[in-house]
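Presented sequentially are two complexes of chain A, the first with chain B as partner and the second with chain C.
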Partner chain A sequence: MDIQVMSLEKDITEIQVNGRLDGITMPELEQRLEVDCFREQKFRLAFNLEKLDYISSAGLRVMLLALKKTTAMKGKLVLFGLNSSVHEIFKLSGFSSIYTIVSTREEALATMQ
Partner chain B sequence: MASFSLKVLPLLSQWNIIREQLEQLAIKECWTDKQIFDIILICEEWFMNVLEHGQCDAASEIVVEVEHVECKTVKMLFSDAGIPFSPFEKGTPALAEATASVDQRLGGLGIYFIQNKISGYEYRYRDGRNYVTMFYSFDAADEEGGKK
Partner chain C sequence: MWAIVCGLLLLLCIGACFLLWRLRRKLTMNETILAMSLQLSSTVERRQLLALIMEKTTAALGAEGSSIILMDHESGDLYFEVATGNSAEEVKKIRLPAGEGIAGWVQINGKALLVPDVSKDFRWSNKVQNKTEVVTRNMLCAPIFSNGTLLGVIQVINKKNNGRFKALELELLEQLSAPIAMSLENMMLYEALRHSMESLQQTTAAKEKILSEMRLASQIQASLLPGEQFQHGRLSLNAKLLPAREVGGDFYHFFELDDEHIVICLGDVSDKGMPAALFMSSLMIWIRAKAQKGLNVSDMVYAINNEISSDDSTMFATLFIAIINTRTGLMQYCDAGHCPVLLLQNGQAATLDVHKGLPIGVMPHMTYEALEMQLPANTTVVIYSDGITEAECALGQMYGAERLECHLLALKEPVQASAIIEDVQRYAGSFPQSDDIAVLVFSMN
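Up next, the complex of A and B:
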């Protein structure tokens, strides 16, 4: 798994997660979020999942923790670019109803304005 | 039809060994991206469930056998020396029940995923070991995909 964290306009942070988010890689994302976002008081997060090939329940767990943290800090969390299999997992788990999921970065930024 | 069989220790790091074998089998059998995704998901969720809840001795082995048994069916057998546990005897858990546990590292959501992906299963406990066999049907997955 490869993770890129980038600052965008209006205090929005884009987190690009590439590869596999499973039971083995999940702690790496959890740590990067803690160090690069939450400790830096960044709670407006746009997850770029265009290159995320796979996610399991372990991966959903870290996404849920991120949502809880941003919500508690009155921030915002948006997901964009999910492939059909990853999107299906969000739907199957019911998580698609608690996340804002859009197709493109432009839509994500517009949602966060 | 191709297959593989391997023995691994009940350690998180061993998951990559299983996954690599699954990916090699997928290449041999020309599975689609969705089929690979589903089969890896089923196997990961079950393996993680055994690690989290099986209370396996650290030196005990988990046996994994995956076989493309017929044209459109994949059979996945997991055997472990953990506590007796028939994963699906309670039926499919309610979604709310499954997701409520996700942030406590419990296996509810993983079992929920498995039950939504498999077409059948068998469970037996013999000589101190659990034997869980799960079947994945390409036809059932195609029908499920067609509904979405």
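Up next, the complex of A and C:
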């Protein structure tokens, strides 16, 4: 797994997660979110999942953590670019009902205005 | 003329004698060093070795005593372990701050030193003498190096019979420091080895304790399950659970609600190992507690979810739960984020229609919707966890839903949960199981 964190316009932070997000790689994402986002008071997050190949239930847990943190701090969280199998996992797990999921970065930015 | 020749011959003779004497001295020195090397290789035990080094050095240099002062590499201090001579016990625990005394000078400068009269030497520290009541008159002191690292300093104290040390003896002591260094190095290696063996033993004991606790936890968890077979009314059911580790987060449950109704469920906690097992245990209890006669299955899930959810918790579980009338075959069910449930009918596999809800434990006060279906007599229902479809083989490919369906259709009826798991294990081969596996199969007669 590879994680890139970058600042976009209007204090929005993009987090790109590549590869597999599972029980093994999940602590790394949790750590990066804590250090690069929450500790920096960044709670407006756009997750770029274009290159995410797989997400397990442990991976969903860290996404849930991010959602709970951003909601509690009155921030916003959007997911974009999910491939069909990752999108399917979000649907099958019922998680798609609590996330804002869009296709592109532009759409993500638009929903965060 | 003859006088000159005689004089020259005499000089030659004297020269030859001197060379011979030098050669003999060198030979004696080499013999002493060789003997020392052999003697010092007889032990690696600290107290014995230090005593041996001092005894042999004292004898080789015709002194009254000697002491070996080791370097504490953490503090930079020098310290005495033992000393030969009459007051061996007294000098055992003395620490000398870095650079203090003659030994300290040798430590800092890395050079050997002959001190003909310690009372006149500015470097002399009487710290040791005061504690031991040994009067030091003169002394030889040499550093002990191993591969450029200072291991310590050796001191030879008081030439016997009120004598004086000679430069030659200092040279001998310097030469002796090589075999001494080698023996000390061996001693330290031995001690390091013994230390790691001891810590390995401790680690193994601690690990064994954890393992025995895990085995116990595994038994407790298995005892929470209702068994692997169940018959109620027209319904027969079988189930199997295979945790990836000793304990796990997958679970199933079935029990009677009243004469006509049973509750069945299967779920998967979003983690593995001990945290998942603890969460699973509490879930099993809440499922039993919230299953009340006359309650709709969606209300049950709503109530269970509220008990286990909080605003900051991130532990959750997928759950498929159903209340089945085992006389009529009416099934009322609810899907809380679980993977698809399969229906096998007339050689066809189909996915059960569901109203997808969130896994339980995600957020409190979530609503869940139940669906109903009439189970036909010739239909087998297979509920499984994603440990089946996501089981990997050595090539990194997953077992997958398609393979599962093919295998299920090839199985003889009644379908056994254990036969499904066996096929997954065959597929995975020697590749280790990374996720818990649970399967529950039932059909109406």
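One rule holds for everything that comes next: the second predicted complex is superposed on the first by the 113 of 113 C-alpha atoms of A that agree within 3 Å, B and C clash if a C-alpha of one lies under 4 Å from a C-alpha of the other, contacts with A are read in each partner's own complex, and residues count from 1 in each chain.
In this section, a contact is a pair of C-beta atoms (placed from the backbone, for glycine too) under 8 Å apart; a residue touches a chain by one contact, two chains touch by 3 or more.
From a predicted model like this one, the values you see are computed outputs, not experimental measurements.
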| item | value |
| --- | --- |
| Chain C versus chain B on the shared chain A, clash or fit after superposition | clash |
| First (chain B), second (chain C), both or neither touched by A:Leu60 | both |
| Touching partner for A:Ser97 - first (chain B), second (chain C), both, neither | second |
| First (chain B), second (chain C), both or neither touched by A:Ala72 | second |
| Partner chain in contact with A:Val5 - chain B first, chain C second, else both or neither | neither |
| First (chain B), second (chain C), both or neither touched by A:Ser85 | first |
| Chain B versus chain C as contact partner of A:Gly23, first or second or both or neither | both |
| Steric overlap of chain C with chain B in the superposed model, located at which of 76-84, 238-246 or 292-300 | 238-246 |
| Intersection of the chain A residues that touch chain B with those that touch chain C | 23, 56-58, 60-61, 64-65, 68, 91-95 |
| In the complex with chain B, residue positions of chain A that touch it | 22-24, 54, 56-58, 60-61, 64-65, 68, 84-85, 88-89, 91-95 |
| Parts of chain C lying in touch with chain A, wherever the complex brings them together | 268, 270-272, 311-312, 314-316, 318, 335-337, 339-340, 356-359, 362-363, 386, 390, 434-435 |
| Interfacial residue positions of chain A with respect to chain C in the complex | 23, 56-58, 60-62, 64-65, 68, 72, 91-95, 97-98 |
| Chain B residues within the chain A interface of the complex | 12-13, 15-16, 33-34, 37, 40-41, 44-45, 48, 95-96, 98-99, 102-103, 105, 107, 109-110, 112-113, 116, 148 |
